[in-house]
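One chain, chain A, links the two complexes that follow: it is found with chain B in the first and with chain C in the second.
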Partner chain A sequence: MPVDDIVSCEDLVKVFRSVTGETHALRGIGLELEPGALTVVAGPSGSGKSSLLTLLGARDRPSAGRLTVLGSDVAVASTRELRRLRRKRIGFVPQRSSGAIFPHLRACDQLGQVASWRGASHDHLDEALAAVGLSDRADHRPSALSGGEQQRLAVAIALVGTPSLIVADEPTAELDHANADRVMEALLAAAAAGSAVVISSHDDRVTHRADRLLRLRHGVVSSETAGRRATAAVIDSTGRLQLPPDVLDLFPSRRVVVETVGDEVRLRRPEEPT
Partner chain B sequence: MSALEISGVSHGYGAGAGRVEVLHDLSLRVEPGELVALAGPSGSGKTTVCHLAAGFESPEHGSVTIDGRPTAGVADWAVVAVVPQQHGLLVGLSVEDNVCLPAYRAGVDPAEAFARLAEALDLTSFTRRGIAETSLGEQQRTAVARALVLGSRVAVLDEPTGHQDDDHVAQVVTALEDAARGGTAMLVSTHDERVWEVADRVIRLDEGRILA
Partner chain C sequence: MTRPRSHPLWWAAPFRLARTPGWAVLVLVAATLFVGSVVAPALFVETARSTALSDGLAAGAAGPYGDQSGDLRVTWDGVVSDIDPFLDPLSAMPSYGEPTVTATGVGQSQTNHPVARADGTSSPAVLWYHDGALAALGAADDDPGVWLPTATADELHLKIGDELKIGMEQTFLGTSRHLRPITLSGTYEPEPGSPLPADLAALPDSERWFLPHDPTSPKLVTPMAIVSRATFDRIAPKVQEHPFYVADLLLDPDVTPDEAAVAVDQTAAYGDAAFDGSTPVYGELADALPAPASLDVITGLPSIVDASESTSSSARTQVRPYAVAGEVLAGLLLVAAWVLIGLNRRREQLLASGLGLRPLELTLLAALEALLLCVLAVPAGVGLAQLGVAVAGPPTVAGVPITQDEVVHAAVAGAVGLLLIAVTAGFSALATDRLDRISRLGRSRVSVPWGTALVVVTVVVGFAVLTVEITGRATTPLTTAFPFLVTASVAMLVIRGGAWVRAHRSTRARPGTPRWLAARRTGPVLREVVALSAVVAVSLGLFAYTLTVQRGIDQGVADKTAALAGTETTLEVVDDFRGQGTDRAVYPPVDDTTLVWRRNVALPPNESQVPLMAIDPGSFADVADWGGSGELDAGRALVPRLPTKERGLPVILAGDTNLKAGAETLISFDSVVTVPVYVLGVVDAFPGSETEPGSVTVVIDSRRLFKLVPPPVDPRKKVDPGSIGPGGQLTSVVWSQASGHALRSQLGAADITTDGTLETATEARVENGLVASTWAAGYVLALGGVVLALALAAGLVLALRLSDRDAVSDVLLRRMGYRPADLARARAWEVGYAVATAVVAALIAAAVLVLGPVIIDAAARIPPLSQPRPQWSDLVWLLGVLVALVLLAWVAGTVLTRRRSAAEVLRAGG
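This part shows the complex of A and B:
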């Protein structure tokens, strides 16, 4: 693993077993997350986004494959080691934001508690609340906050002290436009300050601001877009290549000429019959 | 008479310094067969309106009634069905049993309604799964199906599309329209413009008041 990778995984598999059978949530994911970039994981409902983010946040262990988070091998690390990692170095916003907030603490005290765990300064906590539009809620407990306000508080908690890794599962799902924009600005600022940020989203307002966009489908990465320039895609075991929709639109007839030029393969439209 | 009538309601939470006033003299009505969207920024009081309409809470001032009866005393899914923000599904039951539970309790055969809703909301591939084995988006559609299974007099849905991708948003929106067409009075709290587009009326809240 290159030293500057925050997260690295290979052939990552997650299977959930229950009395009704097995659910293969992830079927072999490989990716690296680097500091200073915001990665968005998109994909339809049930495609494995939350399972992947839970693993990347070191909150669950893989069924198979290799996963290294901030230098710890998540499959074999002790529970104590993973807990320390999560508390000190990973900001996590779960899909249900109520899971990340302490019900009995005022908003400002929640940030103070997390800053202490992360060894971060207590000087800028007011600004952290302001960044997600909660300045006037500092003295309120979560029970007095709406669902959207709780979600923004969970984001503010995750960002305290700019941890090395920030994982947020649909952090804008319950937010109106203005607040979704605020949350995205805060996450992008954390990436600019050096955190590796990975979030899941269905929201076009969010996905178009990513440094990198991964699309999941049935537990595998179906396409990857980096910086909206080069597009990476996956070739499956039978040799089929799935193109992202915007590239697919270049081939309205669904016919393609494949040219091999040196070590490059080019796809172009066939000549139209005259 | 309106199916759902909220009249002169003021409501808040907490006491002393932590007191938050959420709604200020709010009135609205939803007629049978009408789809009303409740819009407004985070913290504007949408969920509180849903809680009151669903009868989860009684208003501190004013009244909330369904066909003239206070909703807080109703507790009958055939009268008022709900999708709470946290969905409120029973984790020990399968997707199918969650959807059908209100029908079982009412002594109604849910087979036809379940088949129709499972198809309309794309639940067919996981109806036998436990709730814990489904994604949050799948849980949200399950909760929508449960709210529509009885064709209730009133349905109150709090952000029913927040966890859906585009294709599934369209399915949920169509299901909401169909339910309204079937005569249910629908109150839907949502940020989603795709719901606003099909709504008969969009009521905008700001700091607990309806914007004119």
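This part shows the complex of A and C:
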């Protein structure tokens, strides 16, 4: 892993057990997150986005594979070490905003409490609230805030103290366009300030503003797009390659002949003549 | 923007629960119960101690000074030069009033007579002094003259101011006199039948004053020559009178046990000082006139205090298992309350874990949250305990005293309650920390079979209880745990059984109805709902059990009292029924009494001496006490058969014996007199069967017995005292359900001697620790009330949790056309299923405990055994709880369903 990577993972596997059997949420993810970039994880429901973000936020341990977050191997690090990471260096916005805020504290107190844990100055709390458009709601408790306001408050809490890693699970899901843009601006500003920001989203207006877009399907990264460059399909460490859906439609029999011609690799249907 | 506080989580914690009054009340109630449960036993024992003391003092109040009175009497038999060393320590004696001194001559005998003499005529008059007596007669305290009865003055032809002589007249081998002159200061009219002047007889406590009496004719009243103390001290030694001083001190009737204990110590120290050569009292006694004197201290306070300590100690022992049970229950309620709060804040706990809060921080935050409530719980718990003990504890008119010790206990209990909450929060935080629940592949989960473990532990503890001697079972910790384990095991089995039945049997309810909805919802059972159902089941089981235990102890005490005392009052009469024929020896001497003859006899096979009761079957059954439970009724049914003709004299055997009904054996009065008997039946206990020690008591018809035994034993015949064998004669005892005073009056009116030993059922209860058992039964009842409250609270929480569980689905169902009333009814059905299951479990558990080993009898050495006594009313109680909970669930469901905003519910994710 390069020294300046915030997150690095390889062959990351996450399996959930239940009485009805095992669910393989992640099937061998490999990626690195660098500071100063906003990465968006996209994919259909059940593709493993939330599981991946939970692991990246050091809130769960992988079932297999290697995951290093801010220099700590999440699989083997002590509970205390990971707790310290979450407390001081990782901002996290869960999928439901009601799970990201204390119900009995005022908005400004929520930020103040997190700021004191992260050793951040209280002087910038107004800016954090202003960044998400909640300056006039600082004295309100969550019960007095709407769902969208609670969502924005959760983002503001994650931004306090400019943590090294900000993980947000669909932070704009409950927001209108204006507020979604405002939240994205705030997250981009955090990335610009040096944080590694990783968010999940279905929203095209969000994915288009990402420095890097990862698409997950069936628990693996199917493609990766960096900036305005062409989309690249990802070959995992075992040599598996996921084709984009529009390409996949070209192979209805799900069989392909791989040919190497010079520096190129060609795929053709088996029934086609050579 | 308002400036945020630094560390707002910590600042907000102490008042956080004020924002959720429901949870605050639950925690406050649980903490109050916990503090109350810790304080109540000590308060109970302290109240038992003071009640036993006040009962003991009341029993001897206004009676003679001595073993049964708490008042103090100090006597010395000589005139001392300085009385202050005697009186000063007595004045300083704690809990006693000021000493009242009486002095009189006690030199009367067959040949020595105290007299007043004038004009050559002598008349009986004994010197007497009493503090305040002269003042009450209208004279000065230091009046140098004498006051005589008017009749005596008239007999001596004396007028006030005349000179006379007073002293002793000896008539042994001629008459000699030792007299001293004195002036007649006044005369008085004595109270009829008393030597006291009428003015003095009207004073309080005058009937207990020390008065002179003639040892040769105790019933004769000796006239008194009332003088001042200085005159008494001057004259008594010079006329060869035997001066006798008495200092009486009345005990404060409201004395506390601690004060009484101090008074006992001080009294003993005072008595010891009379034998300590270094004390002034010793010196004064040694120099007393006419001869060195001795000092006696007379009081029953030490024995009364000992008895009260013994009773309170017995109460402490008997109440301990229930006290521990109460503390455990209250502690569990407190823990459960905080667990429920934690469940209600599950998302917040995940947030705290995600934000990196340490479990220790969450523990301290919880402690801060509960601190105020735990502080409030201290006075509330003390008040609750005080109220509980006043209502269900030993009867007391002095109230339930709160000492500094109880306050300290309450404070410690409050701190322990806070610690319980903090520890619960800490464990909850650890459990919530997802990183501690590692989900890596290959790690196997440890699954503990809690249900099986519970059943196994219950069975093991059940066997362990059986191995404990029956006399010691009531006080072992195993006995405390056993009812918990049985109710928990039965609840677990019944709930699992109910779930199995529901899983294998589809509902017959019409689809779409509230009952159908309830049945559908009951299918996927939540662990939390099961846990709450189990709490209701265990609480109801324990409640039903406490009802039967309380009844069992109360009835057991009545049974044992009957076996010990026989009836309310028994009076031993030595000779009045002897040697006067059959009617006098057999039939009741007065109405509403019966005559019982007692003596020991030898019974095969080991010829051990056992008590024999010869009764009059015609009057015995109506006068005897047959207890409260019906255990003694078997003996009652046999009594009418005692006069029947069998293959020997019919007898009832009460107690532990190898002989069976129908057996024929012999009873031996001595080596010569032996009577063949036929055993009508063997019973555990019979009225009066435990009055005398012995493994078994023989009950026989006195009329038939007397016909078979020869004169030394037969009380109908007059016997020569010299012919009475070593076994002695039969002793007659009159039994009555009247009070001792009423019985004595009744017998006195019939010219029957009443100075024999009188025993009452109350004394039997006190002396054998049974009174403490009745108080313990009161504690059990209070505990039952707490358990019932716990069941109701758990049932209500169950309804609320079900409502929370269904918040989202209720919104959806309302949009599908269900009315709020239907949803509330569905929830009421569901709570009804759970509580009905709990009621079934409670009934089964109570039945198992009632039919199981006897564990509640703290006085098992006295038969019959006390055991839980169920009644149909217990079932009514349980059904009442079922109805109340279903109604509560319906009301709560209706209110909550209507109050919830659909949008808010859906936004919060349920």
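The rule we apply is simple: the second predicted complex is superposed on the first by the 233 of 274 C-alpha atoms of A that agree within 3 Å, B and C clash if a C-alpha of one lies under 4 Å from a C-alpha of the other, contacts with A are read in each partner's own complex, and residues count from 1 in each chain.
As a convention for this text, a contact is a pair of C-beta atoms (placed from the backbone, for glycine too) under 8 Å apart; a residue touches a chain by one contact, two chains touch by 3 or more.
Bear in mind that the values here come from a model prediction, so they are computed numbers and not experimental data.
*Asks:* Should chain B and chain C be called a clash or a fit once both complexes are overlaid on chain A?
*Replies:* Chain B and chain C clash in the superposed model.
*Asks:* If we overlay the two complexes on their shared chain A, which of chain B and chain C does A:K88 touch? Say first, second, both or neither.
*Replies:* A:K88: touches chain C, not chain B.
*Asks:* Please work out whether A:F16 is in contact with chain B alone, chain C alone, both, or neither, and reply first, second, both or neither.
*Replies:* In the superposition, A:F16 contacts both chain B and chain C.
*Asks:* Mind working out whether A:S63 is in touch with chain B, chain C, both or neither, as first, second, both or neither?
*Replies:* second
*Asks:* Contacts for A:R96 in the overlay, against chain B (first) and chain C (second): which applies, first, second, both or neither?
*Replies:* After superposition on chain A, A:R96 lies in contact with both partners, chain B and chain C.
*Asks:* Which touches a greater number of chain A residues, chain B or chain C?
*Replies:* C
*Asks:* Contacts for A:H202 in the overlay, against chain B (first) and chain C (second): which applies, first, second, both or neither?
*Replies:* It touches chain B, and chain C stays clear.
*Asks:* Identify the partner contact of A:D139: answer first if only chain B is touched, second if only chain C is, both if each is, neither if none is.
*Replies:* both
*Asks:* Answer with first, second, both or neither: which of chain B and chain C does A:A178 touch in the superposed model?
*Replies:* So A:A178 only meets chain B here.
*Asks:* Between chain B and chain C, whom does A:G148 touch in the aligned arrangement: first, second, both, or neither?
*Replies:* first
*Asks:* Have a look at where A:R255 lands relative to chain B and chain C in the superposition and call it first, second, both or neither.
*Replies:* neither
*Asks:* With chain B in view, single out which of the stretches 685-693, 811-819, 829-837 or 847-855 of chain C clashes with it after superposition.
*Replies:* 811-819
*Asks:* For chain A, what residues appear in both contact lists, the one with chain B and the one with chain C?
*Replies:* 16, 96, 98, 139, 147
*Asks:* Per the contact definition, I'd like the list of chain A residues that touch chain C in the complex.
*Replies:* Within the complex, chain A contacts chain C at residues 13-17, 57, 59-64, 75, 79-80, 82-88, 92, 94, 96, 98-106, 108-117, 122, 125-126, 129, 135, 138-139, 147.
*Asks:* Which chain C residues qualify as touching chain A in the complex?
*Replies:* So the residues of chain C touching chain A come out as 1-9, 12, 16, 19, 347-348, 350-351, 353-358, 433-436, 438-441, 907-909.
*Asks:* Okay, in this complex, where on chain A does chain B touch?
*Replies:* Chain A residues touching chain B: 16, 18-20, 23, 43-46, 49-50, 95-96, 98, 137, 139-141, 143-149, 151-152, 170, 173-179, 202.
*Asks:* Using the touch definition from the top, list the residues of chain B that touch chain A in their complex.
*Replies:* Result: residues 13-14, 17-18, 20, 40-48, 85-86, 94, 126, 128-130, 132-138, 141, 158-159, 162-168, 191 of chain B touch chain A.
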